[in-house]
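In the two complexes below, chain A is the common chain; its partner is chain B in one and chain C in the other.
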Partner chain A sequence: MSDRPHPILIGVAALVYLFLMLPLVIVVGAALSDTTYLTFPPQGLSLRWFENIFEISAFRRTIVTSLQIAFMGTLLALLIGIPAAYALNRFRVELPKWLGTLFVLPILVPEIVFGFALLKSLTVGTGVPIFAALLIGHTLLVLPYVVRVISASLASFDFSIEEAAISLGSAPIKTFFTIVLPNVRAGVIAAFILAFITSLNDVSVSLFLTGPGISTLPIQILAHVEQFFDPTVASVSVLLMFLTVAVMAVVERTLGLTFLAK
Partner chain B sequence: MTSRRFWRRNGATGWALSAPATLAIIGFLLIPIGAVIAGTFMDPRGVFAPYISYFNSGFRTTVLFRTLQIAAITTIISLIFGFMTAYVVSRAPGKLKSLLIVAAVFPLLTGVVVRAFAWLIILGRNGILNQTLLGLGIVNEPLEMLYTQGAVIIGMVYLFVPLMVLSLVGVLENIPKDVLQASSSLGASPLATFWQVLLPLAVPGLIVGAVLVFTGSFTAYATPQLLGGERQTVLATLLHQRAMVSFDWVGASTIAAIMTVITITIVLAMSNIARRINPMAT
Partner chain C sequence: MTQPLDLHAISAHYGTTKVLEDLSLSVQAGELVSLLGASGCGKTTTLRLIAGFLSPTTGLIQLGGRDLTRLPPHKRDIGLVFQNYALFPHLSVLDNVAFGLKQRGIGSTERRKRAMAMLERVGLAALADRAPGALSGGQKQRVALARALVIEPPLLMFDEPLSNLDAKLRVDMRVEIRQLQRSNGTTSVYVTHDQEEAFSISDRVAIMNAGRLMQFDRPEVLYRRPANTFVARFVGFENIIPFKVVARDGDVATAETAGMTLRLSQASYGAIPDSFLLATRPDGLVVSTDPAAEGLPAQLGLRTYLGRAYQYQCVTEAGHLVANGSLTTPLEARASVKLVPMPEQCTILSADGAQ
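Up next, the complex of A and B:
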């Protein structure tokens, strides 16, 4: 192994990974502690703080809202994002270049500015209900990811297959669902997962689009942390980590995890 | 036959299919943000009045420079450690490499609030670091680590190092191995190969990673809010506070406009530079 990195570099990389993992281990430990304050290593093992999550109605409510918004927002983004990604690839010559640029723009805009702008124009400006504004915000938040990931899949799709099906008499719409979509299945799954996780974890957009009775889980966590310093939030964090592990397992089984590194 | 020909040759189908997403972006993103920025120039006190009053406030200019400083330091630290780590990961044997990539993806998929909260437990007054230091007798009273610029930077580096590692692993793997072999077979030491061949080839990737980290930490909210509090107010927390606590819409819009302009300028300028100096460009 002539190209083995220098021992110092390996040492640095090991420390970086320790730095990445240790805080998460500490959160898990703190969540299992039997004490009323946050501590590590845990003193006495207990699951009482996990029960406590569901005893606090604000957590119960916001978990449901977050899942609803993430699920609906992702579906809406796929619904408008898949045709757009298809059009951008299939009609690359016919459509102007700026249209592709338009779909990159949302990534350039700071999320917190986007959240504030939606608050000003939707909730305050035109009286759109908070839940609807939140859903619109999350749909647009994840739309660029959806378009980008599915475009990447379509870029390696050979459109002459589609052309062949159409010239053999298959209707264009039927061809899309039976030929094109199955070929970019992996991209659609990846887009769904990325979008769902992004929406579920979002703070900056949701920050401005919450109101009486409607909030998302990350915003509720922020509010709770500022008032209480008990292990409840550590337990919620562990639940979210479990969800992440589950998602990664799904990705691993369908696409292979190196997919995420691209 | 006509419908088939229409499908194949006419861009109208393309327009129709992309219309819902295009209209959503224009209607719910461009127009609202454009309205926020345009609104700051319609102040009765004068066209640039909100900006003049922003930069006349010592507190608010301090916040702007603090935000830029935190983002710059975070970017530099993430670049240095991200690059070294990515280099080791890209040279690791197959199984270990996938494991290391998974270990970098995992924190990235864990939400920002959870990751900031972890550092709250560690750095707090009664946090783990203080308990340990007190227990070992290294300090006599708990250190004030939370609500300092250092705490915010640690939290930000924690947030962005995985992103840097993952984007640089891809870059380093795309550098053809024969280039490096050519360098060493022509007599360059491993160190010289690293500095004179590998690093210049990785510069475009480093710039892309730096832009991601800089804009991300420049606009982050949850981490400075939890670890910096009011003592380390940054643009994002100031924007939220102006809008939701003080109901100062003009002030909040001005901050939003400043953040947007700085972010877009940096992204465009840096991606221009990256394109121009790319030695692998054809």
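Up next, the complex of A and C:
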């Protein structure tokens, strides 16, 4: 008897990892190339295309916008999503079933349709400023993730714990912050990461909502690729990957990611 | 500190479904009262109404003369012990117990002192720094008990507190709960579906069914003198035989049912109405092989072994009855016998179900 996995299993797992990692290796390689065109393997090693990102003002602006939108949109979605998830679970019996589904709609509708709908209703219909429209769009885009992930956390939360605290003299609102929230912390962190990264990497919704002077990084990458064939896109993609990894790392450092393994 | 609890004509609804109807109940100061019944009888609803997690449609809830009916639950000052313990998973055992004191603005040194003293009383002082998740079921329930008692509530309520524990621990814990409650003298309401638990622990028991109070009395009275057929069946009076009085001679009434005539004295049974139900447990019917015995002719069916007796399923003209027979002479199926009621183990119910 052996605890070692079967060689075929190891082989398949290795192939999956290879399949997942190879495109990333190619992008990183292309970003480091010294040539003026995209190529792999890289010819010569240089960081000039990374410098180039910051020399193009459109990239500088859109990186800032993307981070702003992702951060603020995620916070807004948490502000709406946490109370919503709480209500959906606390009053599961009393509330109609379709109410839960309502919060998942934005990911059920094809993103391109969702983006178009937002364009029609926000930008064209009411003339909301572009930044605000982007913020609303991204908040709605990530809200389903927030509600789903925190609901999953709350589903295993025993609400008699909340009642115990109330019976001991803790007011309901206070009880929510001192008893309920600390017990779904892992869910809130997971929701934050998922929402932030989803927003940071979104194309479909942003495509409709960006406008003159205001764009997000993925949209700027698209626009750049249409005009230039230099390795800047590769280096900016690497930058986007590192931003994503950085978010994970910061969360890991401050709050711990061990819950993701649970 | 300890106060009486009064429920006046409480009714409650879930949506349009009536779950509690016109319930009135008075618990004296220092008394432990159990609400006993099957699931859906309204006992948990009653507890949640008193705690304030539900509002009654009509009626009044008073604790020591203070009207609780419209008071939010966190201002009611009631200690609650839950079936699933409901300890705060993110706080240590000590902080769990100190939680209620913190809400009352008591300083951290005093808080710690009182919480430790309470943990001492339930024998868990050594585990004060543990996380609740690291405790056994019995220990968890002791922490929950300490947490509820430390705020010195005028009323303590238990919602099936022992249902998640194994049988042996359940018996130990209920003795412990009773001792703590007695020595504190805290008025208590105890919800359970376990008859033995309710009878052993309570000063009085309220038996409930379908949102109504069926009988509220001391366990001894409920056990020997059920007020109606529901309570009679609930406490084990499996045989309920309809009789009609055919003659009266002073104190003695002669009554008959299909196949038998019985003479009953009012001295031992109380007033005997013209039409009544005679209720007994299986132990209250003696299985007699003497053909001359004054009893109900029966044919024996299935015999089961109870340890202290044999139990027989019997077919009689008055319907299907259950009787216990002696261990020394096991009888075979289809034997013809007489079932002789023992007056001291019988009670009389009026024919419409009420005494």
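Rule of thumb we're sticking to: the second predicted complex is superposed on the first by the 229 of 262 C-alpha atoms of A that agree within 3 Å, B and C clash if a C-alpha of one lies under 4 Å from a C-alpha of the other, contacts with A are read in each partner's own complex, and residues count from 1 in each chain.
Just so it is clear, contacts are C-beta pairs under 8 Å (C-beta built on N, C-alpha and C of every residue); 3 or more make two chains touch, one makes a residue touch a chain.
None of the values given here were measured: they were computed from a predicted structure.
Looking at the shared chain after the overlay, A:Pro172 reaches both chain B and chain C.
Once the two structures are superposed, chain B and chain C can be ranked by residues of chain A touched, with B on top. Touch criterion met: A:Glu163 reaches chain B and chain C at once. When both complexes are overlaid on chain A, the residue A:Pro182 reaches chain C alone and has no touch with chain B.
In the superposed model, A:Arg4 lies in contact with chain B only, and not with chain C.
Of the two partner chains, chain B is the only one that A:Met248 touches; chain C does not reach it. When both complexes are overlaid on chain A, the residue A:Ala58 reaches neither chain B nor chain C.
When the two structures are aligned on the shared chain, A:Ala30 is found in touch with chain B, with no touch to chain C. In the superposition on chain A, contact is made by A:Leu38 with chain B only, not with chain C.
Residue overlap on chain A between the chain B contacts of one complex and the chain C contacts of the other covers 163, 166-167, 172. Against chain B, in their complex, chain A makes its touches with residues 2-6, 9-10, 12-13, 16-17, 19-21, 23-24, 26-27, 30, 37-40, 79-81, 83-84, 86-88, 90-91, 94-95, 99, 102-103, 105-106, 108-114, 116-122, 136-137, 139-140, 143, 147, 163, 166-167, 172, 197, 200-201, 203-204, 207-208, 218, 221-222, 225, 229, 233-234, 237, 240-241, 244-245, 247-248, 257-258, 260-262.
The part of chain C that touches chain A in the complex is made up of residues 51, 53, 72-80, 82-84, 86-90, 99-100, 103-104, 144, 147-148, 151.
Chain B makes touch with chain A in their complex at residues 3-4, 7-8, 10-11, 13-15, 17-18, 20-22, 24-26, 28-33, 35-36, 81, 84-85, 87-89, 91, 98, 100-107, 109-115, 117-122, 124, 126-128, 131, 158, 161-162, 165-166, 169-170, 180, 184, 190, 215, 218-222, 225-226, 236, 239-240, 243-244, 249, 252-253, 256, 259-260, 263-264, 267. The touching residues of chain A, counted against chain C in their complex, run 158, 160-161, 163-172, 175, 179, 182-183.
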